[in-house]
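Two complexes follow with chain A in common, the first pairing it with chain B and the second with chain C.
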Partner chain A sequence: MGNIMIGRFVPGKSVVHQLDPRTKIIGTFVFILLMLWANTWSTYLVAAIFVWFTILLTQQPLKMYIDGLKPIFWLLAFTIVLQIFFTGGTPVLLHFGFIKVTLPGVINALFVMFRFVLIILMSTIMTLTTPPTSIANALESLLKPLKSLKVPVAEMALMLSIALRFVPLLMDETQKIMNAQKSRGMSFSTGGPVKRAKAIVPLLIPLFVGALQRALDLANAMEVRGFKDAEHRTKYRILKYKKQDYQAFASLLLFSIIFFSVLYLI
Partner chain B sequence: MKNRKTIYLMITTFFMAIVLVQSIISWLGYLPLGAFVVGAAPTIVQFTVAIGAILVGPKYGAVLGGFWGLTTLYIAWTTPGSIGSLMFQNPFTALLPRVAVGLLIGFIYQRYFKNQHVGKQTVGLASLGVLAALINTVGVVILTTIGFSIMQTNFTGIPTHNILGWLIGIVWFNGIFEVITGAILVPLIAGALIPIAKRLNI
Partner chain C sequence: MAINFQQVNFSYGAGTSLEQPILFDITANFPTGQVTAVVGQTGSGKSTLIQHINGLLLPTEGQVTVADHHITANTKEKELMRIREKVGMVFQFPENQLFANTVLEDVMYGPINFGYSRSDAKNAAEIALKRLNVSETLWEKSPFELSGGQMRRIAIAGALASNPDIVVLDEPAAGLDPRGQQELLNLVIELKTLNKTVILISHQMDHVAQIADQVIVMHEGKVAAQEAPEQLFNRDIQWFTDMKLDLPKAGQFAEKLRQQDWQFEQRPLTIKALTDLINSRGTTHG
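After this line comes the complex of A and B, so read on.
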């Protein structure tokens, strides 16, 4: 269970690992925005080269990235089928009954596939090289302007980082509760909808009660250590842009310039 | 005197963590009806939000709902291709119904059911479960329809004209199961949690 979505962080000493988490979040965000713009073969090529270089810089085995793509294989296949069958236009390549496969449909499907694969690779680069707590810190720092609108940014970041910290623990706990209930003869995968809805109750109640108990313990522990509010909390790690962050921004800018010149000039 | 704010903050945080766990482990967040092929997967995360809102009130309930919305939005954008992601890439569809679930359930419970005795409260909690499912389903249907038919977009450029009816059908189909599940789950779980919370003086 530990290898899904969150907690995929792999410690390392590469250039990408050492970047400020804010740089990585901004970079990924800008990349995703640019990908929504991409609509020619050459733009996808430029983007693929950029992603390839970044992957090389992370010094992680390529297998990890391929593993990251595996869970979405079927979803991807589904999207491609949807694209191929629901895009109209001419010329028609194949024709069975009411289903028509058109050239624009196939091209669109390929574009959507490349777009998703590149976006997922880029966000995998971010999650592989950045611990979840740093992401929460970076979000707090990036959302600071919202403080003037009375949005409790510090509080939200604190909640997010604690929630992320306790996800693996709650997952283990779920597994334990499930095994305990199974050993009492509980079955989670048989019967009709009402029976299944009822079957999940003996799993959820201990999980919720455990979480409530932990929440109270943590609240007490925080108050004993003088916690008043998230706003005035001091930090152990203070985020600061360094030389390599400016270099990363420069290469992002260069990539954007090449991307747009390829998009509009070629 | 304990600082109530810290306790509410931490309870909300742990419910956020449960929402995350439910979003990651699909069999804990969705009812396995065996009909995934057509995209039918009734979610039960709104009941986590509803139960959280019952414990901590409308303000933190709304935060919890908003967090669920953000999680859905994040998953819709980073794991595209599923039917849900077609709808929830629209930030309004992902966020508004979920915030409404936390806000309204928290408000209604505090206003009408909090001080009732246990027998009456069970009926109230069951109706809150039904209401949570309805707010989410109706909200998602309305916003998806608006997003697809008026704005002509699902934010990704995927052609939408043939799939709106299908999507709405799936959402209603899921909605029916969610209403039934809500009526069962919320009174059972909240009924177990509320006495504990009262004993711990929350």
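After this line comes the complex of A and C, so read on.
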């Protein structure tokens, strides 16, 4: 369970850690949009350099990022295979019966791979350097305009941060229950698919019972401390753009300009 | 069935950048038919240590021997299943592991997993429930309708149902009322008379002094001491401060008396020994 890197926060004091979470969310979002435009080698090079610099700025070991890519390896492999085998065009490089491997197919597959990897790396940078509660706060702040459309933004953000807070707790709980049932001879690795699916029941039921109990406890704890609605709560951490955020936006703008010049000029 | 730890090292995430060493060079043994208490402050590695006994965790280096089974870094799941049948493991707040529709079904879960027929499993479950004094009227009820104390007893019955030779209890008394705690200690004593190897993690030194044959003190992932409670609790008071451990209540009281210039060789560990000490002074000086 300890090796899931996506969405994991690692505390630090780097420039990237200190950025306003809204800056990081907007930055990641803009970067993902740009990547959907990228369709030449040079644009990927520019984007890769940008990601590389940002990774260096986070002062985290590169290995963390590589670990972050591992869970999506199979998804990536699957997409690449699809791209290679099912893109038409000439010249044809190889024949397997009715399936042709073409040069545009291979290039397309490489592009898709780079796009995936860069987007995942960028998102990992964001989640690695931003505590989940800050992300929820930032989303609330960014979605504020929707309030005029009667969208309960504050409630949704509160729900999100509570849900995020519960993830490690539930993982912990799962591990504990798994240990208890394994000690009573539960095994996931023997028997047919039906037997294996059945083996999960003794894990799921205690987990649900525990989660409901926790939710009740939390609701009580919030109520006794005077919680009425998320809307009118004051905030302990007030989000404020600082100098470094403007610098970050400036470099993002600079990156976008270089990106589009490379895209259209080269 | 005896258990032996031979130079066991354990790290979470061994071989990765996030490697986190927890246990260092653990050599310890748990003799058959004795109660071994494992004590130490939170985070000292007690829970990690006991999870090696039934192979929930495998040693990164070294070897754990359970009767004639050896557990090393490469032990296979099939072998571990054979060991788990012999080891009843009761975790902290074991009531959180209950899941079945009825109490009886829940207690039968272990035996069925270990290959008992349904009727054998039912017999085994009934024996375990009787041992834990769970009234027969509750057997067909849902475990979720019962009180916390009853749920705890049913969960422990579930761990004991396949009649294991080794019983590991991780703070079984936590959160129980004094009477429930005493019942648990009586259960440990009963298990000992059945020649089971009992391992008990506890923060309550009174319990340790009362029922342990030997005590293993864990400190920062190492074994700091392995000896009889009479020896352990007569160590220098500074040692207990260093280990962040308490003395049994009687011992603490006796230390207060020592400050009032009382003289005694052996620290009293039980209320009875303490009253004897006080009475003896009463007769000689009274």
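In the analysis below, the second predicted complex is superposed on the first by the 252 of 266 C-alpha atoms of A that agree within 3 Å, B and C clash if a C-alpha of one lies under 4 Å from a C-alpha of the other, contacts with A are read in each partner's own complex, and residues count from 1 in each chain.
As a working rule, a contact is a pair of C-beta atoms (placed from the backbone, for glycine too) under 8 Å apart; a residue touches a chain by one contact, two chains touch by 3 or more.
All figures in this text were calculated on a predicted structure; none of them were measured in a lab.
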Contacts of A:S183 with chain B and chain C, given as first, second, both or neither | second
Of the partners chain B and chain C, which touch A:V112 in the superposed model: first, second, both, neither?
first
*Have a look at where A:L170 lands relative to chain B and chain C in the superposition and call it first, second, both or neither.*
first
Practice item. Could you say whether A:V201 touches chain B, chain C, both of them, or neither, answering first, second, both or neither? Key: both
- prompt: Who does A:T234 touch here: chain B (first), chain C (second), both, or neither?
  reply: neither
### Message
Looking at A:M64, would you say it contacts chain B, chain C, both, or neither? Reply first, second, both or neither.
### Response
second
Pick one for A:L76: touches chain B only (first), chain C only (second), both, or neither. first
Per residue count on chain A, the busier partner among chain B and chain C is B
Please work out whether A:V209 is in contact with chain B alone, chain C alone, both, or neither, and reply first, second, both or neither. both
Intersected contact list for chain A, partners chain B and chain C 189, 201, 205, 209
Note: in the complex, chain B contacts chain A through residues 2-3, 5-7, 9-18, 20-21, 24-25, 27-28, 31-33, 44, 51, 55, 63, 67, 77-82, 85, 156-159, 162-163, 177, 180-181, 184-185, 188-189, 192-193, 196-197, 200, 202
Chain A residues touching chain B in their complex are 1, 4-6, 32, 36, 71-72, 74-79, 82-83, 86-88, 112, 116, 119-120, 123, 155-156, 158-160, 162-164, 166-167, 170-171, 174, 188-189, 193-194, 196-198, 200-201, 203-205, 207-209, 211-212, 214-216, 218-219, 222-223, 227-230
The residues of chain C that touch chain A in their complex are 12-13, 16-18, 51, 54, 56, 77, 81, 84-85, 87-89, 91, 94, 96-100, 109-110, 112-114, 144, 158-159, 162
Per the touch rule above, chain A residues touching chain C in the complex are 2-3, 61, 63-64, 67, 173, 176-177, 179-187, 189, 201-202, 205-206, 209-210
